[in-house]
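The following blocks contain the structures, represented as structure tokens.
In what comes next, chain A is part of two complexes: it sits with chain B in the first one and with chain C in the second one.
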Partner chain A sequence: MSHVAQGRGKGGFITAFLFAPLALYLTFVIWPYVQTFGYSFTNWTGQSPTFDFVGLENYSTLLKDDDFRGALGHNLLLLVFVPVVTILLALFFAFMVNAGGRSGAGGVQGVSGSRIYKIVYFFPQVLSLAILAVLFGAIYRSDEGGLLNGFLIKLGLIDPKHPVEWLNEPNFVLWCLLLVVVWHGVGFYLVLFSAAMQSVPKDIYEAALLDGAGRAQTFFKVTLPLLWDSVQTSAVYLGIAAMDMFVLVSTMTSGQFGGGPDHHSEVMSTVLMRNFLYFGKSGYACAMGVVMLVLTMILSVITLRATRRERIEF
Partner chain B sequence: MTTVIKAPGEAAAERSGGPGRTKERDGRRSEGVVLNVFSHGFLVLWAIMIVLPLIWLALGAFKTDAQIGGSALSWPSNWHFDAFGRAWTKGIGGYFANTLIVLVFSVPLTMLFGSMAAYVLARYPFTGNRLVYYFFVSGAMFPVFLALVPLFFMVKRFDMLNTYQGLILVYVAYSMPFTVFFMHSFFRTLPTAIYEAAVIDGASDTRIFFQVMLPMAKPGLISVGIFNILGQWNQYILPAVLMQPQTSADPERYMLTQGLIQLQYQMGYETDLPVLFAGATIAIIPMLAVYLSFQRQIQAGLTSATLK
Partner chain C sequence: MGSTGEGLGRRDLIKRSAALGLITVPTMSFLSACASGGEESTKGPDKGVVSKENPFGLAKGGKLDVVVFKGGFGDDYAKAWEAAFDKKWGTTTSHLATQEITAKLQPRFNGGNPPDVVDDSGAQKIPLDVLAKGGQLADLNAVLDAPSLDDPTKKVRDTLVDGAVEQGMQGGKYLVLKYVYAVFGFWYSGKLFKEKGWAAPKTWDEFLAVCTKAKEAGIGGLAHQGKFPYYINVVIMDLIAKKGGLDAVKAIDNLAPNAFEGNAAALAAVEAVYEVVEKGLLMPGTNGLTHTDSQTAWNQYKAAFIPCGSWLENEQLKQTPEDFDMKFLPVPLLADSKMPLEAIRAGVDEPFIVPEKAANKAAGLEFLRSMLSREWSTIFAQQANSLTVVKDGVDPSVKLRPGTQSAVEALKGAGANTFTYRYPDWYSEMDTEIQNASNELMAQRIQPKEWIKRAQAAVNKAAQDPNAKNNKRS
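Entry: the complex of A and B
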């Protein structure tokens, strides 16, 4: 093949290689995303092929929808607690694993067996949310058969005749779900922060130690500032996860697509799915999707801005 | 939690840090020992909190229904595997097969399409290159929920609701952002000299891709491949919406995650909880096996993807 032919064939080659991936992606990802905006201005039921343009009606209904407003409140609550609790625990464990060991001749060391800890902690991350739902559904059982109740009864903290109905208790249900998310996520962020800590040159720690810094000081003055980028990224990821929550809420709590008891664990995604698949309000559900997108975007920007610091080069 | 870092020995060390250098040394050493005990204490506690529920779940498969409901801390009375057999025939076997059928096609297709797009975008400058790249990558930022309603009707229009091929195509499409993003950075690092050598040898662009570039990108392909296997195996929302029988004559083609939740509902009525525990254990075992064999790549792959 001559070089001229090669040059001419490039456009064809590029088109051929991009065609199938791009076509699939446009059809099943981009186009539905775009359509959501359009449908959100209609009263489409999803059943009938016809629908009317209703302008902003769905959005104004949304503002008055108590279920959705409650769900939004729960999402915001989770949005604060999921990242804060997960990141603090992960940072704590990461520091322990990487710098909690005896200080020997070589300065700060990780604890022995740090690799084992990382392997064990990370494992929940590869389990599907469906498995988590079954596992924690069993742990939170409302009778003595639940692992949590079983332990608390054994310790004499609760009356065996009246075990706690964890997932049916309006005040507990959201926190029970939060615990599942934290249990699932800590290991991943531990590994993430460990990787970041290990990329910090050892002599920075040693210099800090020689200067007489304690471990707490080393952590707050040296480690944390150097990890800030990863902490920031993690906050955004966890925030996005806290906006979703669909699988856990819909499978672990009572009600059609979850949200029970009496809407106390409702999140936006469960209200959306119920309106779409159960009430047949597709247009309305699309409006909820748009609100979720806008909120996610705003929150990502806020998180990135609020946590912005001077970048430290090393 | 962070207050724990201020262990007693450490506070002492901070105070003693002053006059004598030896004193300071001693302080620091005792600080190390105390801290070491502390770290291990907390680390072991969390490790137990991870492992214990999983072991407890597996043990549940060997209990009787009454034992499960009666007391959480009872020991199984028999060690027969019949609950596993029942779970398998009650549907887990079928769900397992369904998931395998979909993944056997969707993962290789994801890898092929993702690499093709990433390769062209990484190594061929053309107008709109950046635009197409950002187009692909931006998909990772939006919540799936945003697309769910129109996606359902899109798949319905193609008459592919509750079909394997429908789910395969959707899985491939939704795996594109991450795969393109990851492979793009990988193809960029491959040396240009090899490409030029192949051109001089008279190989076509297509041939260079399949016979030179793809084999060289093997480490990257393995990382993305594992990630896609995990992601698609664990997917719940997409099958929950797209894989529902459309008529009563339509067979159930539930995926494993979806089927597991289904089993949870069923067992609630039938009161055969050991089956549910066995089903969940069956679903965990392949993940455990994949994870233990590839944990290094999984941890490295996920971390690098997030940090970039």
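Entry: the complex of A and C
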């Protein structure tokens, strides 16, 4: 067999393998986007194949929709807090677990028992969001049977006649949800950052130690800059999670597809689903979907640009 | 670590945006999974001969596709029906019992291949108003006009309880067979009341007095299913109905500009409910509980009353103590009420539909006709512990549980004094907004006047729905 024939055969082989995924991607990812975009210009009810073209009406209604604007505000709030809180906690724990131990014999190590911590921290990641919703539903339960309320009542901090209705309190509900997301995410990012930290050569740390750097200095001057890549990627992923939030909000809060009390925990995806499946305004919901897509795209580009730094090679 | 280069390489950006795409996709692809298909369904099986015994011309030996909601009533009744149907018609039935009606059926409705019979119920039902507007429902008048299986000289229409047909109307057509007959009101434990020496209250003042005594005894007065304000709305709306009479009910359903605002009965009703909140007579924490949590707390004697429909007993079978002695109580009266104490909201529920594009529509219609026979109605009463819309449709030999029994007695006592609301079926958005307002009211974040304002705003918004002119009741 000549070299040329062999090359062609290989090329065909590779093309064949690329074609199937590409076709699947086009059919199941790109085409739905296009369809959604198309539906966003119609008054489709979602339950019937017939609909009329209404132009930009859905988008102009959307601009005036208080529920959607409120939801957008909540998403933006989560967008700030979910990545920041999760990453800070994960970084702190990762540093403690990997390099925070007392430098006794001159080596760089984690605090004692760090192996166990790593495993324990990862536990929440194993649970699905649906299980989390049930678990935290029991914690936030609004009567004295709730874990949090029961605890606070035992401590005498709240009156058993007036337990805190955590998820039914406009001022608390978003923060309660935020806590769940952070609790769920920290373990995963801890492991991610740990892996990144472990790939940092030990001699860099040892050099820093020899120069008399403390824990804080080691962290800010050595660890963080070397981890910047991972932090950046984490921020994008967590940002996307904050833009979604559908599963938690829809199962844990009151209202059709969640969002209660009185729209105080509304996120864009819950408003979208309520309009899509419950109010029979699917065309309108598709317009929301398009807006969400655009916002998420803008968000990730901004995050990647804003966090751009000089690369450090080692 | 990783590749080098200035900032983020182009390849990385592409890789990451692809990953990002994969994450955002679930929302979007979910939307488009439900994308509509255009084609008509393929032709059904051969037609049978239309006769008095076979009014829809059902061919023997076809296929029947049944989807039921598996909720409080389970699905044993449906299996029993299907067996009876298959035996009589030689059909092969496929049976799906699910709680995810919308997720399972929306693609099929859009694709033009819906099942033949659907029990469209539960929290994830497909809204009937939306299905009706889309022309997806078969006209069930044919079933009403067909001869009854029990007495072929009568039409099916004449064997149903009053109001059953009216409540299946959507946009002026009978499209939905609501099969279960339910009464709504408060429920209490006969055992608890006997122990404490409390009497069932007749007026709202007496109701508040019992709640106060309960509070003194260290238990809550009123529990409600706070996470689902649907239930407390039953109390508010029933108080409005009883005080203001049928006119008040119609004003709301017909979206009158003074349905709530300027309606003294409405304000009095909301203020009455708010009094419970203000006086601290709610079971602590009830505003945030799910229906099962609050009903179970009530079963554990943590509250005196809970509002619910007559499915409550079946829903709570496992949580109810053996000697609980569940009792039904019509919503007590406000001063100067137009309806008597015995008046109750009696509604038909559990909507069964036959899709217009069903492959075997004749079988679907025949299935519904069979459901309205005494034989199938008794099967339902036995398996699902509940009454049906068939008049005297339960064989007297069936022994009922105490709660159902007391509901049946209340129904007899009410006589012609039953009423019902149509707006939740007609205007899902308005219903949702009123529910939100009620949630705020119960949490003491708004006052009765504000509730009235918000409810009226929801009514006015619904009045702009082009479909509103078709939904009129008189």
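As a convention for this text, the second predicted complex is superposed on the first by the 284 of 314 C-alpha atoms of A that agree within 3 Å, B and C clash if a C-alpha of one lies under 4 Å from a C-alpha of the other, contacts with A are read in each partner's own complex, and residues count from 1 in each chain.
Convention: a contact is a pair of C-beta atoms (placed from the backbone, for glycine too) under 8 Å apart; a residue touches a chain by one contact, two chains touch by 3 or more.
Note that this is a predicted model, so its numbers are computed, not measured.
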| item | value |
| --- | --- |
| Touching partner for A:S48 - first (chain B), second (chain C), both, neither | second |
| Per-residue touch tally on chain A - higher for chain B or for chain C | B |
| Which of chain B and chain C A:A285 touches, first, second, both or neither | both |
| Which of chain B and chain C A:T233 touches, first, second, both or neither | both |
| Partner chain in contact with A:V29 - chain B first, chain C second, else both or neither | both |
| Which superposed partner A:Y117 touches (first chain B, second chain C, both, neither) | first |
| First (chain B), second (chain C), both or neither touched by A:G73 | neither |
| Partner chain in contact with A:D143 - chain B first, chain C second, else both or neither | both |
| Partner chain in contact with A:S269 - chain B first, chain C second, else both or neither | both |
| Residues of chain A contacting chain B in one complex and chain C in the other | 28-29, 31-33, 35-36, 39, 46, 141, 143-146, 149, 196, 229, 233, 237, 240, 244, 246, 269, 272, 276-277, 282, 285-286, 289, 292-293, 296, 300 |
| Of chain C, residues touching chain A in the complex | 1-2, 4-8, 13, 16-17, 20-25, 27-29, 31-38, 102, 106, 109-110, 112, 126-127, 129-131, 133-136, 226-229, 280, 283-289, 293, 297, 428-429, 432, 435-437, 439-440, 443, 445 |
| Complex interface listing, chain A residues touching chain B | 1, 6, 9-11, 13-14, 16-18, 20-22, 24-25, 27-33, 35-36, 39, 46, 88-89, 91-93, 95-97, 100-103, 111, 117-131, 133-139, 141, 143-151, 154, 183, 186-188, 191-192, 195-196, 212, 214-216, 219, 229-230, 233-234, 237, 240, 243-244, 246-247, 251, 269, 272-273, 276-277, 282, 285-286, 289-290, 292-293, 296, 300 |
| Complex contacts: residues of chain B adjacent to chain A | 1-2, 4-6, 10, 13-14, 17, 24, 28-29, 31-33, 35-36, 38-40, 42-43, 46-47, 49-51, 53-54, 56-57, 60, 68-73, 113-114, 116-117, 119-121, 124, 126, 132, 135-136, 139, 141-143, 145-155, 169-170, 172-174, 176-177, 180, 199, 202, 204-206, 209, 230, 233-237, 241, 256-258, 260-261, 264, 276-277, 279-280, 283-284, 287-288, 290-292, 295, 298-300, 302-303, 306-307 |
| Residues on chain A engaged by chain C in the complex (per definition of touch) | 28-29, 31-33, 35-36, 39, 44-51, 140-146, 149, 160-163, 165-168, 170, 196, 199-200, 226, 229, 232-233, 236-237, 240, 244, 246, 254-256, 260-263, 269, 272, 274, 276-280, 282, 285-286, 289, 292-293, 296-297, 300, 304, 308-309, 311, 313-314 |
